[in-house]
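I have a structure I would like to understand better, so I am pasting it below and will then ask my questions one at a time.
Going in written order, the chains are labelled A, B, C, D and E, and every chain counts its residues from 1.
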Amino acid sequence: MTLTAQLPALQVVLPMLTAPLVAFLRLPQLSWLATTVASATAFGIAVLLTQAVLGTGTLDYAMGGWPAPYGIALAIDEFGALLLLIVTGASTIALLAGKASLDQQIESARQPLFYAGWLLALAGLSGIVMTGDAFNIFVFMEISSLAAYMLVAGGPDRRALTAVFKYLIMGTVGATFYLIGIGLVYMMTGTLNLADMEARIAEVADLKPILVAAGFITIGLALKAAVFPLHAWLPNAYTFAPHAVTVFLAACSTKVSLYVLLRFDFFVFQGNLERHDVQFAGFLLPLALLAILVGSLAAVFERNLKRLLAYSSIAQIGYILLGASCVSLLGLTAGIVHMFNHALAKGALFLAVACIGVRLSRLWVDDLAGLARQMPWTLAAFVAGGLSLIGIPGTAGFISKWYLISAALEQGLTGVLTIVVIVVSSLLAVVYIWRIVEVAYFGSRDAQSPPVSEAPLSLLLPTWFIVIANVYFGLVPALPVDLASAAARSLLGHLL
Amino acid sequence: MTGNWQILAAVLLPLLGAIGIAATGTRPNLRETVTLATAGALTLIVWSLLPAVLAGGRPTAELFRPLADLPIAFEVEPLGMLFAALASLLWIVNSVYSIGYMRGNQEKHQTRFYVCFAIALSAAMGIAFAGNLLTLFLFYEVLTLSTYPLVAHKGDAATVRQARVYIGILLATSIGLLLPAILWIYNATGTLQFTSGGILAGHIDGPALGLLLFLCVFGVGKAAVMPVHRWLPAAMVAPTPVSALLHAVAVVKAGVFTITKLIIYVFGIDYLFAEPSAGWLIYAAAFTVLAASIVALRQTNLKRLLAYSTIGQLSYVVLAAAILKPLAEVGAAVHIVAHAFGKITLFFAAGAIYTACKKTEIDQLRGIGRRMPWTMAAFTIGALSMVGVPPTAGFVSKWFILAGAFQSDNFVAIFTIILSTALNAAYFLPIVFRAWFREENVAPPSNHGEAPWPAVLALTITAFLTLAFFVGNQPVLDLELQLVRPQP
Amino acid sequence: MTILLAVFLLTMLVITAVAIVRTRDLFAAVMLLGIFSLLMAANFFVLDAADVALTEAAVGAGISTVLFLGALALTAARERESGDSRWLPLVVVVIMAATVVYATFDKPALGDPNAPVHQHVAPWYLSETPRLIDIPNVVTAVLGSYRGYDTLGEVFVVFTAGIAVLFLLGSGRPGELFSRPPDELSTGGLKHHLIPRVVGKLLIPFIILFGLYVQFHGEYGPGGGFQAGAIIAAGVILYALLEGETRALAALPESALKVMVIGGALLYTLVGVVCMLMGGNFLDYSVLSTNSVAGQQLGIILIEAGVGLAVTGVLLSIFHAFAARATA
Amino acid sequence: MQLLGLYNYWVFVVLLMIGFYAVIAKSNLIKKLIGLSIFQAAVFLLYISMDKVEGGTAPIIQAGVPDQIYSNPLPQVLILTAIVVGISTMALGLAIVVRIKEAYGTIEEHEAAAMDSEA
Amino acid sequence: MFITVSIAILVTMALAIIRALRGPSIYDRILAVNMFGTKTVLLVSVVAFLFGRPDFLDLALAYALINFIGVLAVLEFFQSRSLRRELGAAQQRDSL
């Protein structure tokens, strides 16, 4: 066994192995360092895996050496590779940038536990992405969720606690729904392996339980992914979490749930349930459109900076779903590319917020008045992230919107409606981003408020790294687009 | 990054300049030197492309390739060459003027001003040389965004409100109308490449073509065809050099340039001419010309009057393009130049007056000719050019447009041009008359003379150019006749 | 007979559940929840799930009750009268119920040997385990080896919960996991009640011994690392109840808990890594010994030990975090 | 017998709904968690009901009884894991409730929400 | 025989549950829970014999232990709560 062949296992095991070691360290600095190194290594492994996937196609790994339906198999395809890059990348950047911010927001004695939780969230999320086993997804979903609850609860405001309680309740209900769905499918097929399930559902004569199972799984995962109207937990959880945690979770946690959702609906159910694609689209398309409109509108009227961006995330999740609900090659490519690009754009925005949060204690839009003079680099990064979110050409956001609109154009009359919604919400995005830019650049700072200096370099550098990535992937988007179109092709296997 | 280095340099040099300006922000003299040096170098580079284009060459370059068949790529053709040459040349003049104006008025945030200016110029170069619609759209948005800080320069509440109108209209129209139009075109034809004779023939026809034209014309908000003209008067809150370069040259010209380019290279003149559903454009343009002139008549603030005059003059270009005849297209191109020279002179003059004695209302200008003879002489030349009186640049372009209109017996256009000429005269000549032949009615706050010398120098140069263009327009004609001549 | 038992137990389950939701006395609700768990466990036992029955009893009736009581002590024992919303939830619930009942009509009946679950995968486990792993308890074989990766995940779920509870309720001082209760409370316990104290203390060694039996007998009968961990933790909790927090922490100090938690989690993971180093896949115990069956058995014993250590450590840490939190 | 054979599933549905009702309707946070644990327990029942084979016994292989039928071990393994997940979630939930009580002085959801909207 | 015994146990379990549900005092409930636990232990043992797997008596043992600990936990909870109340009352008196 070469090291390369073992990489899929190491991707999860490495952060898991580090977590107990980090948890009870005496020195917070050291625990941060160990966590960051582990996360960066995980990112390196993800890069290697992506290379391998691009070279040889899907990677399989049999846990414990047991063959697939009997043991648990890992399966990493292009879709998974893309998600792994997002998860490990977001974690690494958030850690690198978040040091200063976390030192402010988490008491130093609690930091080792906090970083252990961070590693577990990382391990959980990458575990979900890689596994090919339905129940294993549940187990890792719970690891990542419990760790995420803890990370969010680390926020300094007491409202973090009520927010996280809601998150916990809705997250657990979602996971349990998923478990019910798996149970029903298992009852009818006798297997837990996704590929095996797909093959065996075809033999099931009576599909009522499968249909209900598909419903439970879709709704459960939609809850976890904060799909409108099941998004109630998200705004406050993102708002009151520590800033670095928001960067991490906003970039990847909901996307991983969407990933599982797409894998189930397309791999497992699509080929077996009659007219499943029509039902899937009919169910999710209206939700996606509503999510886009409601999320954007809520963001326009929101005055808290972080909650504003959180509402925008709800709208962006709508975009991803919108692409998926086209059930076409272009549409799925658009949705998947948007997962990547939204992670970049939101990552940049929340990093900029973290920069501001280091210097300001309140993060209402009005508090930013005139801040651009004191923190020019931070605000410039915010503007760049905002442009990517709006979808200005030359930024990553444009690429996904381009694919999305192209996909909608294929859809005929509903496509026109879709385009109208996309355009309207882009304009709303202009409004809510611009409102902040205007206040920051042309407002004047309260004379009594103490002077503010630019964010520390340790925060600015990663922020600008992501900003540049936004531009880079806006101009040279080959990597995410290639991965996404390959992923879309394999998802659509039955319909092509 | 491949292809002709001059093109890439033209786009990237102003960006480098912007960095240089930002780096030298604490030392004004050095900063202004950087600005001027960048502008000079840019002009040299752009003009060095001219011989090749005159000889029929079409240099190309490619920057990136974000989508498989949609690169960010450039191709120099006569229209773009003209626009780039004009914008780069006037940047030098404008920089000289800016130095006088900004220092004379002790404006704040001068570094931000020069940085944004340089970025805007980079965007203008990108628009001029864009080889496809996507590239054009990209730089169009960059231009919008980079000029926002210039418009909102003063930063008080009223200014910000107006600047919000400016950015709101421009972004909303471009994202809301132009982008869907681009996608539509791409979806229908599979390409966005600018091609002689257009790309739409055989793909979109009938009422759909009219609708697409609608999306394009109103999506290009910078062309200020009514009713999306509101941003232009709003943008007059900007410092005068901004109004001068951006709202007489770069931004608005980018708008009409885009429309002309779309009509020639995407729709195709002949294809559009044969399509009755596209006929509405000429009426929209004619209406804008006349309505803007009438509104201008009623203005009492000099800069607002110039703004409405600009709206009218821009629609001349759209009108000329919409005549859809070769000579009229040449006229449209020539009018871009002619109007640029004339209008920048007028704005310079308005700014010079403001710098010298803080006067902004037309009514205050009585007798000012005697205090500021150079300025008012230049103003007079600019005004005559707007009206289209020989020997000014305005006459040349109007001549071609009229010729084009007669070519197609388009009486709507002919009538509009004649009537609007009368209206132009009606709102410009009284100002000139007042300035030279009336006594001062308000005592000036100080016993002022001319504005600082760089400003006067600049407006003298542009006034001279306005006159010179009347006799020396041959190179421009040579260049632009290629538009209508079949490609070798 | 099975059906009769099941029907009776299930009906009582429903009655208990309704009572739990209806009562406003949270204390009574927690006690009824204990009954609910016992009923559930008995039901599992009737349905042939001995391992699950043991776990449900240890966790549901034991640990869970203790944790709920700990939380009630720190919060409130009664529910306020108002604040509930009634109609909308009821509608949602009824719609959902209708959907699920719709699905049940095609389900195989209880005990149907022709049900798909009994046709695929599971028969393989039952028929191949004697050959491949050679331990009687197939549940342990599946848990420890075939789906060992799930069990690793399970250990880390518990670990995450432990970390999270310590993060939320821990002392917040460097190098000290739990906050210290004020003296008046910490000396408490049931020290002054002679009978429980004597009987309880007599029982503790047996509980621990029984836990170890469950741990190491897991390959042969119902049991394994998790159940053992819960039982041993319950034994130590009993000590804490009798003698008070301070003495319990003196008997099994923080440092020992840390060692158990880290050691358990690492033991499991490292067994997997050693398998990799020895040329197999992660958690492929066959390579641990020249004989693959012996390797499997060794691997299962080791990881079960890891599970037992980690679970004991984490459950005790959670218990102490609640119990030791000072209430001002 | 057919109907009686599905009794397990119906009880599963009823318990699921009782738990779910408590989760969404109750304002008391501890009561919500109690509801959540009933909700999860219902799912355990669903799985364990699947594993039973008529005439079978627990899947612990008895030496010397060759024709013994054994119930299905796989759902049992899954539920062992799920029980552990359930208690972990519960512990974390209770810890959060304790912190909420300390920060707000109440464990009623609507009261806490009212306190935040005032602030 | 086992069947008769188990039915008898089921009946007593039902009775215990009724007491636990109705209360009225807290001690009634505690006693009911304790009794219910004992009955479960019995049921498990009887059913183990009924199914012919007497080795599952292990489980019954575990239930008995857990039940004992549970009841002690409840009692401790009561004691510490009343202790805390007394302390609170004492503090109030001191502050007066």
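The criterion applied here is as follows: a residue touches a chain if its C-beta (ideal position, glycine included) is under 8 Å from a C-beta of that chain, and two chains touch if they have at least 3 such contacts.
Here the structure is a predicted model, which is why all the values come from computation and not from measurement.
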{"item": "Intersection of contact partners for subunit C and subunit D", "value": "A, E"}
{"item": "Nearest-to-centre chain - CA centroid comparison", "value": "A"}
{"item": "Winner on C-beta contact pairs when C-E is weighed against D-E", "value": "C-E"}
{"item": "Furthest chain, CA centroid comparison against subunit B", "value": "E"}
{"item": "Where subunit B and subunit C are represented by their mean Cα positions, the distance between them in whole Å", "value": "75"}
{"item": "Subunit A and subunit E, separation of their C-alpha mean positions in angstrom", "value": "46"}
{"item": "Between subunit A and subunit D, centroid-to-centroid distance (C-alpha), Å", "value": "28"}
{"item": "Gap in Å, rounded to a whole number, between the CA centres of subunit E and subunit B", "value": "88"}
{"item": "In subunit E, residues with contacts to at least two other chains", "value": "53, 56"}
{"item": "Sites on subunit A at which at least two other chains make contact", "value": "135, 139, 142, 146, 149-150, 153, 180, 186-187, 192"}
{"item": "Touching two or more other chains - residue numbers and ranges from subunit C", "value": "50, 72, 100, 104-105, 107, 115, 117-118, 121-122, 125, 147, 150, 153-154, 157, 160-161, 164, 168, 221-222"}
{"item": "Chain-chain contacts as defined at top", "value": "A-B, A-C, A-D, C-D, C-E, D-E"}
{"item": "Touch list for subunit B against partner subunit A, complex", "value": "63-67, 72, 134, 137-138, 141-142, 145, 149, 152, 155, 159-160, 163-164, 167-168, 171-172, 175-176, 179-180, 183-184, 186-187"}
{"item": "Parts of subunit C lying in touch with subunit A, wherever the complex brings them together", "value": "99-100, 102-108, 115-122, 124-125, 145-150, 152-154, 156-157, 159-161, 163-164, 166-168, 170-175, 258, 261-262, 265-266, 269-270, 272-273, 276, 279-286"}
{"item": "Interface residues, subunit C side, partner subunit E - complex", "value": "1, 5, 8, 12, 15-16, 19, 27-28, 31-32, 34-35, 38-39, 41-42, 45-46, 50, 53-54, 57-58, 61-62, 65-66, 69, 72-73, 77, 184-185, 188-190, 193, 196, 200, 203, 206-207, 210, 213-214, 217, 221-223, 227, 231, 234-235, 237-238, 241-242, 327"}
{"item": "Subunit B contact footprint on subunit A (complex, rising order)", "value": "387, 390-394, 398-399, 402, 405-406, 409, 419, 423-424, 426-427, 430, 434, 438, 441-442, 444, 474-477, 481"}
{"item": "Contacting residues of subunit D [partner subunit A, same complex]", "value": "16, 20, 23, 29, 32, 36, 39-40, 43, 46-47, 50, 74-75, 78, 81-82, 85, 88-89, 92-93, 96-97, 99-100, 103-104, 109, 112-113, 116"}
